[in-house]
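The data blocks that follow each hold one structure.
Two complexes follow with chain A in common, the first pairing it with chain B and the second with chain C.
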Partner chain A sequence: MTLKEAIERLGLHVLTSEEVGDAKVTGGYTCDLLSNVMANCKTGNLWITMQTHQNVLAVAKLKDLAGIIFVNSRQPDEETIQKANEEHVTVLNTDESAFSISGQLYQLLKEP
Partner chain B sequence: MLKDYKADLHIHTCLSPCAEVRMSPATIVKRSKACGVNMIGICDHNSAENNHATLEAARRYGVHVLPGMEVTSLEEVHILALFDTLEPVLQFQEMVYQKLPGENDEETYGMQVIANADDEVLGFNQKLLIGATTLSVEKIVNKIRSLGGLAIAAHIDRESFSLISQLGFIPDNLALDALEISPALSYEDAVRRYSPSLPLIHSSDAHKEEEIGRCCTHFLIDEANIGEIRKALRGQEGRKILR
Partner chain C sequence: MVSHYDLSRTFEIKGRDFSKAGYVSINIKEILRELGIDPVIVRRVAIASYEAEMNVVMYASKGEMALKLNPKVIQITLEDEGPGIENIDMAMQEGYTTATDEIREMGFGAGMGLPNIKKNADVFELKSTVGKGTSYNIVIYLNSKGNV
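And then the complex of A and B:
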């Protein structure tokens, strides 16, 4: 599953301006504690969170994540979006809850 | 003349729902005195309403009180705010109250007792003090600094409500004065674990009377005030932290 496909199938809003590439989504991880994400998230994962602090970008870069999904329509500030563009981190959001979007992504990744 | 001040800068009163009701302003001051602690910070969750009474009680016992608060950010990070006088902390409280949703449920979270210096109950705070504000860590720290206070990241070694647990690492450009470590971690271990770029302080985070002074920071300073502590944290003019 590519990131592009995942965005289409889950109806995610893309908040960054860079075109989404064909990066592969290797899995998902749902957590709001950045210390835990740094310890457990895997390369290529889509990270689901409601934590919108700018530190999320450094974590996404560090772990080479496919992207970040902010849940419950959470919107990071302008500065964070701008920095995400500069750092080439794909930032997304959804109106759905973390539970719901995690379930949907899980199902999607199980498809043969 | 520079003197060694034994400081416990993170103490809760009975206003914090999670603290013992016995933690009245007078009890805290008496206990601090008995433990040889000569400077204390009063840091209740998201409120400063027992600061006045603690300052008054402290005058009777010769303990220096720094009015303060332990505020919870949007990211659920605890930040300590410490000031020289009541006025700035009350100004700070005004901003916090505007951004603190919810009402307390005593049965679930505990009582939030507002007391006077004579151990009398003046009332109960109804706000959800255990909750989080909708203020970012940056907003909180900048406000504290603009009011002349010290901004300290609380118990960074804890697995919840700490800057490191919530945000993974200390954000760039956050104008903190220091990082606090909990009694669970020694100074040496903290240095090894974090290689901190900011000065470390140790305090008790006392919620019970017997916890007061269990963990302190010794400041070599001229007087018990924010300016002197700031100099000690920065190692200026001979002021320093004694390890």
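And then the complex of A and C:
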């Protein structure tokens, strides 16, 4: 599953301006604790969280994540978006809850 | 000829500056990746250096992180000026934190930083003088698998 496909299938809103590439989504990880994400999130994962401050970007870069999904329609501030653009981190949001979007992504990634 | 593997760099870390937090570790990770270091090792270094860097941002006034590298080992050392740690054994325990509520709301302060450094490092030494500062010595062997 590419990031582009995942975005389409899950109806995610892309908040960053860079075109979404064909990077592969290797899985998902749902957590709001940054140390836990640093320890357990895998390369190419989509990170599902309600943390929208700019420090999530360094974690995404250090872990080579496919992108970050902010849940419950959470909107980061302009500065975070701008920084995400500069750092080439794909930042997304969804109207769904963390529970719901995690379940949907899980199902999607199980498809043959 | 000096191998490109023999490398030594230092980086400044500002305390309480969350806008730059994590970028020393990103820098270190990029250097290691460009040198073609095993990605598994790079990931372990990234976790350890990030947790050490964030502790300076969260608890200290300023710090200097050094990266030293040769064909056998990667060493990260960190010296900070700050409050120091009163009880290192306690600080090393999973879940122990003195982070403020504000910092915890940002998703930091889970008390997992030092335990995660220990897990990912082959050698982790922590020394501290209360009222002066803290020093970290983190060593990862290039041929090791770690404790994870």
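Observations, loosely collected:
Note that the second predicted complex is superposed on the first by the 112 of 112 C-alpha atoms of A that agree within 3 Å, B and C clash if a C-alpha of one lies under 4 Å from a C-alpha of the other, contacts with A are read in each partner's own complex, and residues count from 1 in each chain.
Here is the rule we use: a residue touches a chain if its C-beta (ideal position, glycine included) is under 8 Å from a C-beta of that chain, and two chains touch if they have at least 3 such contacts.
What you see is a predicted model; the values in this text were computed from it and never measured.
Of the two partner chains, neither chain B nor chain C is touched by A:L109.
For chain A, the partner with contacts to more residues, out of chain B and chain C, is C. Judged by the touch definition given at the top, the superposed model places A:M1 against neither chain B nor chain C. Using the contact criterion defined above for the overlaid structures, shared-chain residue A:K61 touches chain C, although it does not reach chain B. Looking at the shared chain after the overlay, A:V14 reaches neither chain B nor chain C.
Shared contact residues of chain A, touching chain B in one structure and chain C in the other: 32-36, 38, 51, 53-55, 58-59. The part of chain B that touches chain A in the complex is made up of residues 75, 136-137, 159, 164-169, 171. On the chain A side of its complex with chain C, the touching residues are 32-36, 38-39, 43, 49, 51, 53-55, 57-59, 61-63. Chain A makes touch with chain B in their complex at residues 32-38, 51, 53-55, 58-59.
The part of chain C that touches chain A in the complex is made up of residues 18-19, 21-23, 25-26, 29, 39, 43, 46-47, 50-51, 54, 106-108, 110, 112-113, 116, 119.
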